[in-house]
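Across the two complexes that follow, chain A remains constant while its partner is chain B and subsequently chain C.
Up next, the complex of A and B:
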């Protein structure tokens, strides 16, 4: 009795399955959507991270735009030069060099350097704490809750012991997700050949800026004077601003900075390996 | 049928507790009221040595300073004004010298430009010369002009310029002026004491506002837990036929504009509309007193009643404080802060007040109270996942779904937030208060509102 039941159900289920499989096989042939086979090839050549750094929602939409000619082949930030060459070859275009951009965190006021005005008891995200103007006295500095690190899809960022985000020079692809996530716009995207940065965003007057953070730009103007090209560095809203078309990227203008907030060429040293080596090893 | 009983039980849940059958709105919460200072008379605070007068103490365009560093100013002198319609001038609250005009702490959290005045100790006499004028003899335009020049803004906290509120657009008739004497925020008793001690001025101010907007009826809404205020106001109203006192259930947020209109008049303000769309103007009782003083004494809004209360305050008091006096100054007159532990100091009450990071912030026109709470009462940092208990849905007076809006806010999904009517949230804090998982729902909702405003501004800029 039981065995008959098993046989009946097995046969009927198998029969239904076979019939539906047949229908699906037929539908696959009959209703096939013709798609340009090059899209599949282009998607294959893209990194598949869907980071959105190119300005399109993901890798497949980018592939479609590449094919229609709306996007140039060197637009993929995550893939870099290699992908640009591959894509250009697939599209039959001449490969143009992909200029690598990198995220730079323009604040060095961590837990040690920046003053805290109160203890914050709300939700521990940057955007939420920014609603109350943050718990640090500086109204422009890093809030330190790591929304940028969460936004990074390439494992190229971490929060260090000092409560500041670090960008790994070797891992960052320049998609800009961290810059978008930062509610205070502290992270900027820069081409690889930029080396001179003012690591402060404070527009406060010098006295206040100095009071609330030991590494803030106090708008003393020494870097402006020391810059070999006139107008290479200017003061705007109590903050030194580098003009990347004019200012030489060496460190001549940084030497006399009293708070060491303008520095040159420190980014390449921060690779993932160097960062991991800098963390004190925990016992056990 | 059993299911019917279940159904009735479910709907009536929010009414559990203290209801004595007075008028009210749907949902809301019953927090512990802690009206510690309810029986202490309004005292005049000591004259501050220095005042910090922010140029933006109201909703709308900030003022431009009318004085320079080093100028001598007298009490009541206009020191800042703006040409925009939605704005309100600021006045020197003490006589003295302008020490500086610079960025200073502001109770809203973000520093803003302020005029700092160093006092010379001279006090101006604002007492009345004669009997108050009859409001019915005044012209509406003249009343509005006096109110604008006196820098009067809504004194319940939002700080909307009163002269703008009293100037309804053409074709919109206002039939009722509603005075808000609910004071549903725990701890705060400033409005309560004003109604008890200055009932005559409140009623006069109401008459004046009714004249300014051409309304035939006046209502004063008071919560049932202030019997002495109800009695005083009823006495001051006397036999006047066009002014009524409405007793409302003590419930939070009874004093929110839309809730009050629903409770007192049974009118519903549609989403995205203003009270004037249903023919009502709502003003705080403190504002009514300010109107009285501006019209009769020519006194601008330079001082206000502030409740200083909370478990961390030694002597809870109601003080008449000059605008611009620092919290530090004011707290020092109440025996300062108890204990050595951490304290949370709020501008306002515990439900909607803004936590301060320093005591050098000034009292502004909208500061109805300074509440100092020991931090063990403060919300813990940790929250747990939403268990979909719907306590927040049951508490939300705007009938929204806070648990859902909070999630959208956290994920910054503005479109979804808007499609669930998130922008009509009044940020009363009922949802966060009742949430058993201690989720910071209001904070997340505020994120979504902020992002929504930013996106709208961006879209507006792009379309230009």
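Up next, the complex of A and C:
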């Protein structure tokens, strides 16, 4: 009895399925939409990671926009120069140089440097923690739950022992997914020729900023005075801001910083290999 | 008379979105612009009517006849999935602009619980074939009605001064709740 039931079930479901499959196969033929074969070629030339760094939802939508001329061939950040050349060749355009952008984490207040004012026991994500105004005393600093690391599709980020994200510059393609993921906008995207960064986002007054974090910008103005280009660094809302149009790339302004939050040229050296080598091996 | 009653009851009084809270995903997701909302409503209405027309014979002539009505969930889901696939192909061919406007929400009609709910209610209430089709169509009309009104309100909201913590999805949910309350008022329509 049971076996007949099973057979009836299998046959009826199989029959319905087969009938629908046949119907859909017929409909597929009948309603076929002719697609431009170049779209397939363009999709093939793109990295296929669907990172969204170009500003389009994925590689396929980008290919369609490339074809209609709405997107320039050097827009793909993940593919870099090689992809730009390939795409330009497919489209019959001249390739423009692709400027590499990199993610820079603008906070150095990890577990050692920054004070925590509360013990947070909620959902362990940055966004959730930020909704409760965060467990760090600094309202602008990195919360350290690693949403940026999770957002990275290229394995170019990791959380270090100090609870801060590290970007590996040999892996980073500059898609900006980490910058979007960060609820406090600590990660910024910069062209790779930028070297001078203020590693602090705190808009708090100097005394308070110093109290809650030992590597915060206290807006003392020494870097502003020392900057070789007038106006290259300015103070805005208790925070030193670098004007990259004036390109103050020298080290002079970083020397007298009392909290060492303005630094120059530390980024490119951080590769995945260097990072792994810098972690002390656990004994035993 | 019974057909009119089924129509009014499914479209207004027991509106799927606002009294059963089925199909909330597209109700909140595609109600940004009136035009898209209307198109989404029409596509869903089309799928719902077809669903009713197709699931009824399958249920009565296959599942009930061979005494396997417990397969209704599986059978309805594959039928709905196939129908949505078909509608997608058809819209893609006939109206690329509408296809682009609906985007991801078109394949999502497959998982729209209102469509499955419609098929299950149809069985539960023991409608005959004509009644089922009217019921399916009326449910779609009710859905279109709800999503179109919602989009109208949301378009007005663009210019409203909403407190920061209520912006976005929270104000939308509050409005949905108020609309549901208003729709409860239709319950007085069929008394007597």
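In this text, the second predicted complex is superposed on the first by the 249 of 284 C-alpha atoms of A that agree within 3 Å, B and C clash if a C-alpha of one lies under 4 Å from a C-alpha of the other, contacts with A are read in each partner's own complex, and residues count from 1 in each chain.
Keep in mind that, in the parts below, a contact is a pair of C-beta atoms (placed from the backbone, for glycine too) under 8 Å apart; a residue touches a chain by one contact, two chains touch by 3 or more.
In this text the structure is predicted, and so the values were computed from the model without any measurement.
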Requested in this report: Determine, under the contact definition given at the top, whether A:127 touches first (chain B), second (chain C), both, or neither.
Outcome: first
Query raised in the report: In the superposed arrangement, which partner chain does A:12 touch: chain B (first), chain C (second), both, or neither?
Result: second
Requested in this report: Could you tell me if A:2 is touching chain B, chain C, both of them or neither one (first, second, both, neither)?
Outcome: neither
Query raised in the report: Once the shared chain is lined up, is A:135 touching chain B (first), chain C (second), both, or neither of them?
Result: first
Requested in this report: Please work out whether A:20 is in contact with chain B alone, chain C alone, both, or neither, and reply first, second, both or neither.
Outcome: second
Query raised in the report: Of the partners chain B and chain C, which touch A:31 in the superposed model: first, second, both, neither?
Result: second
Requested in this report: For A:277, select first, second, both or neither according to whether it touches chain B, chain C, the two together, or no partner.
Outcome: neither
**Report entry** Touching partner for A:204 - first (chain B), second (chain C), both, neither
**Finding:** first
Requested in this report: Within their complex, state which residues of chain B touch chain A.
Outcome: 103, 109-111, 342, 344, 354-358, 375, 378-381, 383, 410, 412, 440, 443-444, 446-447, 450
Query raised in the report: Which residues of chain A touch chain C in the complex?
Result: 5, 8-9, 12-13, 15-17, 20, 23-24, 27-28, 31-33
**Report entry** Contacting residues of chain C [partner chain A, same complex]
**Finding:** 58, 62-63, 66-68, 71, 74-75, 78-79, 82, 85-86, 89-90, 92-93, 96
Report summary line: Interface with chain B, chain A side, in the complex: residues 117-119, 121-125, 127-128, 131-133, 135, 137, 139, 204-205, 208
